[in-house]
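Next come two complexes, and both contain subunit A; in the first it sits with subunit B, in the second with subunit C.
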Partner chain A sequence: MTFLLQTLILGALVGGVYALMSSGFTLTFGVMRIINLAHPAMLVLSAYLTWWLWRRTGVDPLLAGVGICVIMYGVGWLLYRAVISRVQRIDPELTLVASFGVAVAAGGIMAFIWGTEVRTATPSYFNTSYEVGSLLIPRAQLFACAGALLLLGALYALLHGTFLGRGIRACATNRDGAALVGIDVDRMMAQTFAIGAATTGFGGAALSVLYQFVPDSHFVWIGRVLCVVILGGLGSFAGVGLGALVLGIGEALTASYFDVRWATAVPYVLIIAILVIRPQGLIRRRLRTDGALP
Partner chain B sequence: MSVARLPRLLLAAGVLLVALVPLLTPNTYIQNMLILTFVLAILASGWNVMAGFTGYVSLGHAAFIGVGAYTGGILAAHWEVSPLLVAPLGGVAAALVAFVLGLVTRRTRGAAFVIVSFAMLELLGLITRNWTSLTNGSNGFLMPLPGWDLRFQNWPFYYALLFLLLLSVAMTAGIRRSKLGLGLMAIRDDEVKAEGIGVVTSVYKSIAFMASAVLIGVAGTVYGYYVSFLDTSAMFDISLSMEVVLAALIGGRGTVWGPVLGAFLLQPLTEVTNTTMGGAHAGAFRLVLFGGLIVVVTLLLPRGILPEAQDFLRRRRKTSPTGTRLADSAIPAAPSSPRLEALAGRGGDLLRIGNVSRRFGGVTALDEVSFGVPQGSITALIGPNGSGKTTLFNVVDGTYRAGAGGVEYGGRDISKVGRARRAFLGIGRTYQLPRLFDSLTVLENVAAATGEFRFSRLARSAVSGAEAARAAELLEFVGMGEYVAAKAKDLSYGQRKLVELAQILMLDPAIILLDEPAAGINPTLVKRLAALIRTLNNSGRTFVIVEHDMHFVMSLSDPVVALARGRVIAAGTPAEVCDDPAVLDAYLGDDFVLEADTIGSAR
Partner chain C sequence: MSPSAVFRPITRRRALAALTGVLTTAALAACGLSSSATEEPADSDGPLVIGMSLPLTGPVADRSKPGLEGYQYWAEEVNAKGGLLGRQVELKVLDDGFDQETAVSGYNKLISQDKVDLLLGTFSSVLNLSVAPIAERYKYLYVEPSGGADEIFARNFHYLFFAQPATSEALPNEFLDQVAKMPAADRPKTVALVQQEDPVTKQTAAIFKEKLAALGVKTVHDSTYAPDTSNFDTIANSIKQAAPELVVSGAVAGDGIALIRAFQKVKFTPKMLYQSNSPTDPTFASSIGAANTEAIFTPLAYSAAAPYAGNSEFVAGYTKKFGAAPSEDAANSYSAGQILAAAVTAVGKLDQPAMADWLHKNTVNTIVGPLSWDAAGRSQGSLLLGQFQAGKLEIVSPAAAATVQKLVYSKPGWN
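Coming up: the complex of A and B.
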């Protein structure tokens, strides 16, 4: 019983981190209908930046992650202006392919800069735990999850409490309508993409502490992020929380009760299963073709 | 003529040259490079059938190489025969995987499919790695050593793969010309519409997916035998998938030779990076180069080399077709119809709507609608916007299932019949905003429609022979005969309506549902359209017309059915319906006066 509870807690903590990692992806899809396969590469880039900063200065990686959000905001804005917006004008269907190209190239660039050795950031609380009764709550996971939830809250407040957020949500529901009432749609798109990228700042920082990574790791993270957003229903914001929880706990249960080697298969099995059985995701009733954010 | 032949001659010379390479030079480096090029070209060519023709972009095609290699390797070891002998079984295994993948597309399309294809690749890689008892896992699987004399170097690999490549190109060319291929391209442009003109999308997609994978699977076994050591991460490799996408993208998606051209351009580049950059940096450099190339190609050459080149040549050769003014030509005789001869003399209602209801969330679009469409009539459906007219069309043609009630056609309940089957039964439907397949020509748009499903018919050529002749005849009938070679996307709104009419006539329909045929087109064309409808009707075809142009409706139709808020509020002759107070109140307005002469001219 303790073992099960322990597994569930670990899964849930990781799930919180997954939720933040996937929120930016689902935001970009919900508002712009873009499957941004470069999103996981940005996660790994953030992980490298965090790790590098931590190695150089000894600053706490998770705290550094908050600052890296700002950098990633800039990276996202640049990527949108330089590539994504242009491809969208030429042929929207190619956006996904182009973003995949960006991801692959980014993997190569990271390998040039940081090499292909396995990295991970190990701050003082790495591999230590709080003991609650007979349960162990690992500090790194707890801090990462708490930070992720805080940032998710901030993102929610941004989307629902500011003019910018209203503009973004308006574009998500009806782009032409938004343009008619005076919203600068192109600016909103750039902002959405940049905000989506910014979420990878802390997501990547958490990654650097909780996981080992190499430049190619972004392929693995494509699987995890896609799994979370598909489980929740592509573009659904609330669904991300549920999807992340299901994946986190699913992976933890598989590793604990079945075989660690198969834990990596969980995202792919879930993706295929959900798209066959319930393509609209766990909580969405129908795949909507227009708006996306709740 | 000689200009048209030139590319063919060049191609033949190129193929011959490639075939002679091993005989001309004993250089194994060149042989090796060409073998790898063949593999990439076979992959890209297969990818093209799924992504270029059918529109399902896959990031998982490398998996078919892995499936083929492991299947062939395991079976060859088990039976102790040469892997070349069991290579076809590698193809069968890959086709089976593709078939299962195709089942997923019954419910997902577009972006979701890309995700599934990626998940398939990763999952199959994981299974191969973890199923150690069968595949030896991450330790790798050892293929037998080639049994032939060393003098022959890699010739068997070389020619086997070259043969598979040529087979793959021949298959692609065959599909491109066939009825099947047109159906696939119709699915790519508008899958929902395709089903409505008789393309049984699930079957078409299954065939396309298996065709896409089968030769890659065979090539996988040969390739695995060639590299002699199967490594899970190299056999299920996402970066190989990326090269496939890139090759097809560079050469031109949806063309026969484009993906092959792309592979022949790309593979030497890989070799150059491998030889000029050593060690760990070579891999990183390749990623930057290929990833960057994908971005550059999507930005600068989004359609690929071949389509751009073809467009360039076409522009130089001639200008786009211009027709005579439509109104000037007379209406030809109605095209013949085997189906109508079978239906002749039945009498009574051809279509019966019985208590049909349909709700969308809280909105009741149709509320116990009942009426009949007499055989041989032109029945009009009028009513304000949002009264349920188009929803009713959607229920009749099978786009929606009726929430309650039933649809009877030719005395048979068709409520449970699928959309394509309804097209086969003789129900044709046009859309308020005409839906054509924009990347196809006018002729191909019409030829894509099919009034029956037979496997033998799928293989039939759609660009020549009987199918094309029939399509041309129908286009001539609607007055679009001079536009056969124009792309659908270049047509005007009115022309699109006429082509869509010709398209559904290809189904040889007994009943034709027209959704606002006269809306948004000029008065001369409206007159012509009315004449066409009358001619078709005189030849025995039944019509149901949704229309707001009252003079158009009243001059053509009898009976008229009026809908409001999802209910039938009146039905009868045009005069009766026009005088009905409920209709005047809900739709026409008190000041509506129907000119007597328009009624007089009916029929």
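Coming up: the complex of A and C.
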């Protein structure tokens, strides 16, 4: 029983981290219909920035992540203006290819700057756990998970409590309608993309403490991010939370009770299963407009 | 964005635009990541071109960078001494991103299209398993710096030679000897085997399982994880549940570090911990905490302290050039170069069958010791057993190469 509970706790905490890493991706898709394959590369970039800052100054990596969010906001804005918006004008579907190109190039640039050695940040709590009875709760995972909840809460507040958020949601619902009532759609798109990129600041900080990473690590994370958002329903925040939890716990149970070898196959099995059984995702309702979506 | 823009049919122009995008991306990536030398075909007056494809990007990029540096250092040294057969040596290096198919097509291209004069091997058993047959088919001498899985040698290739002192078959020997030497009362009673899906680790795990059982050590956990595994907490928790006294961790690269970090999080310290590969990673100590390395055992194919001819010069020269002491991978490439050079020099011309014959009959002095090979290319030396003691990786066995006399049998708790 303790073993099962411990497995569930470890799985749920990993799920929190997955939710953190996927939230920006789902925002960009929900509003802009852009599948940003450079999202995991931005996570790895944030992890490198966090690690670098931690090594240089000794600042707590997870706290540094808050600052990295600001930097990544800028990176996202630049990326949108320089690449995504231009390509989108030619053909919206080309953004898929362009963002993949950006991811591959980013991997090369990061290897050039930081080398190909395995990196990881090791603050004092990286390998310690809280003991609750006979259960162990790894501190780093817990902090990352709490940070993820705060960040998701902040995103929710931003989207529902500010003018910017209302603008973004208007664009998500009906872009032409939003333009008709005077919303600057292009500006909203840039803001959305930049906010999506900003979330990778904290996600990357968590990655730098919880995992080791190399410039090409984003190829591992793309599968999990895609699984989380497809599972939850593309564009849905609650879906991201649920999808991440299902994936985290699914991986943990598979490794503990079935076969460790199959744990990394869980995301792909889940993607196939959900596409066959409930293509709109766990949370998202099938909308009348779905038929008209690109 | 008007809705009609979204519904444009796929025209030839749009398809062409998409294709151009993909190709440009691929081309950009290729330019950025591969470092091929000149495009001129090899000729007998120009430089002697040696081709290779290495996993410079991808999951084992951290290990192959020093591997490439070992080759580069060797080539520079050869050139400074007048080259091979009076010709300067030039390396033609392709990147395969740790993908079998890419490595195979890379070596195919090097041989049939670029017509390189000689080959040097790539890294890992996974890649060498599929590359060695290419060299064999074209009758090219193929000295590989890593890839000791027996599957590679079981095919009895004539042109294949291993540049490390011994293949995976011999990997567990030194550690098993130490366990056998322990008084029966101190000897661990249970073992957990945990390894990455890989030809070498699977083979060595099977050997460990069988030979430890003969010593009365019972296997209480045995699991194999996929190469792209990143969550080790649940694996560590399962091992903790089995409560083994000895853990034999068949790691390939950074995975061993992640496993130890997970052990720390779930508060599990085995009495003895043996791990392959990861402990020789330069970032090992900083990634798990320097104090936590104490008493961890690891097999070594190379030691900077080993008293073999040319080793101290190699260590000094390499450290001066690259700013860090050579890793095992750097040393293995360098010795692969030494073996190739010995064969070329002894035969006196680029005659691949004659060079292979010569290597089968002779012993070559390298920085990892004198090497000779059996008919299938398995090297006939023995590996070293290392153990971290007071923050330093010491050699504990065999006695002739040992840097310390005492072993630490009981691992202290995590810090």
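Quick note on the criterion: the second predicted complex is superposed on the first by the 284 of 294 C-alpha atoms of A that agree within 3 Å, B and C clash if a C-alpha of one lies under 4 Å from a C-alpha of the other, contacts with A are read in each partner's own complex, and residues count from 1 in each chain.
Operating definition for what follows: a residue touches a chain if its C-beta (ideal position, glycine included) is under 8 Å from a C-beta of that chain, and two chains touch if they have at least 3 such contacts.
As the structure is a computational prediction, the values presented were derived from the model and not from experiment.
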item: First, second, both or neither for A:Thr128, with subunit B first and subunit C second; value: second
item: Touched partner set for A:Ala154, first subunit B, second subunit C, both or neither; value: neither
item: Superposed model, subunit A: greater residue contact from subunit B or subunit C; value: C
item: Contacts of A:Val14 with subunit B and subunit C, given as first, second, both or neither; value: second
item: Subunit B versus subunit C as contact partner of A:Leu226, first or second or both or neither; value: first
item: Subunit B versus subunit C as contact partner of A:Leu94, first or second or both or neither; value: both
item: Touched partner set for A:Glu251, first subunit B, second subunit C, both or neither; value: second
item: Partner chain(s) touched by A:Gly115 [first = subunit B, second = subunit C, both, neither]; value: both
item: Partner chain(s) touched by A:Leu275 [first = subunit B, second = subunit C, both, neither]; value: first
item: Subunit B versus subunit C as contact partner of A:Ala265, first or second or both or neither; value: both
item: Residues of subunit A contacting subunit B in one complex and subunit C in the other; value: 87, 90-91, 93-94, 97-98, 100-101, 104-105, 107-109, 111-112, 115-116, 215, 259, 261, 264-265
item: Of all residues in subunit A, those that touch subunit C in their complex; value: 3, 6-7, 10-11, 14, 87-88, 90-94, 97-98, 100-101, 104-105, 107-109, 111-112, 115-120, 122, 126-129, 131, 136, 138, 140-141, 175-176, 185, 211-212, 214-216, 220, 251-252, 255-256, 259-261, 263-265, 292, 294
item: Residues of subunit A touching subunit B in the complex; value: 29, 33, 35, 83, 86-87, 90-91, 93-94, 96-98, 100-109, 111-112, 115-116, 215, 219, 222-223, 226, 230, 234, 259, 261-262, 264-265, 267-269, 271-272, 275-276, 279
item: Subunit A-touching residues of subunit C, taken from the complex the two chains share; value: 1-3, 5-8, 14, 17-18, 21-22, 24-25, 28-29, 32-33, 56-59, 61-62, 65, 97, 197, 223-226, 228-231, 233-235, 237-238, 241, 253-254, 257-258, 261, 264-267, 281-283, 286-289, 292, 414
item: Contact set on subunit B toward subunit A in their complex; value: 57, 59, 103-104, 107-108, 111-112, 114-116, 118-120, 122-123, 126-127, 129-130, 238-239, 242, 245-246, 249, 280-281, 283-295, 298-299, 302
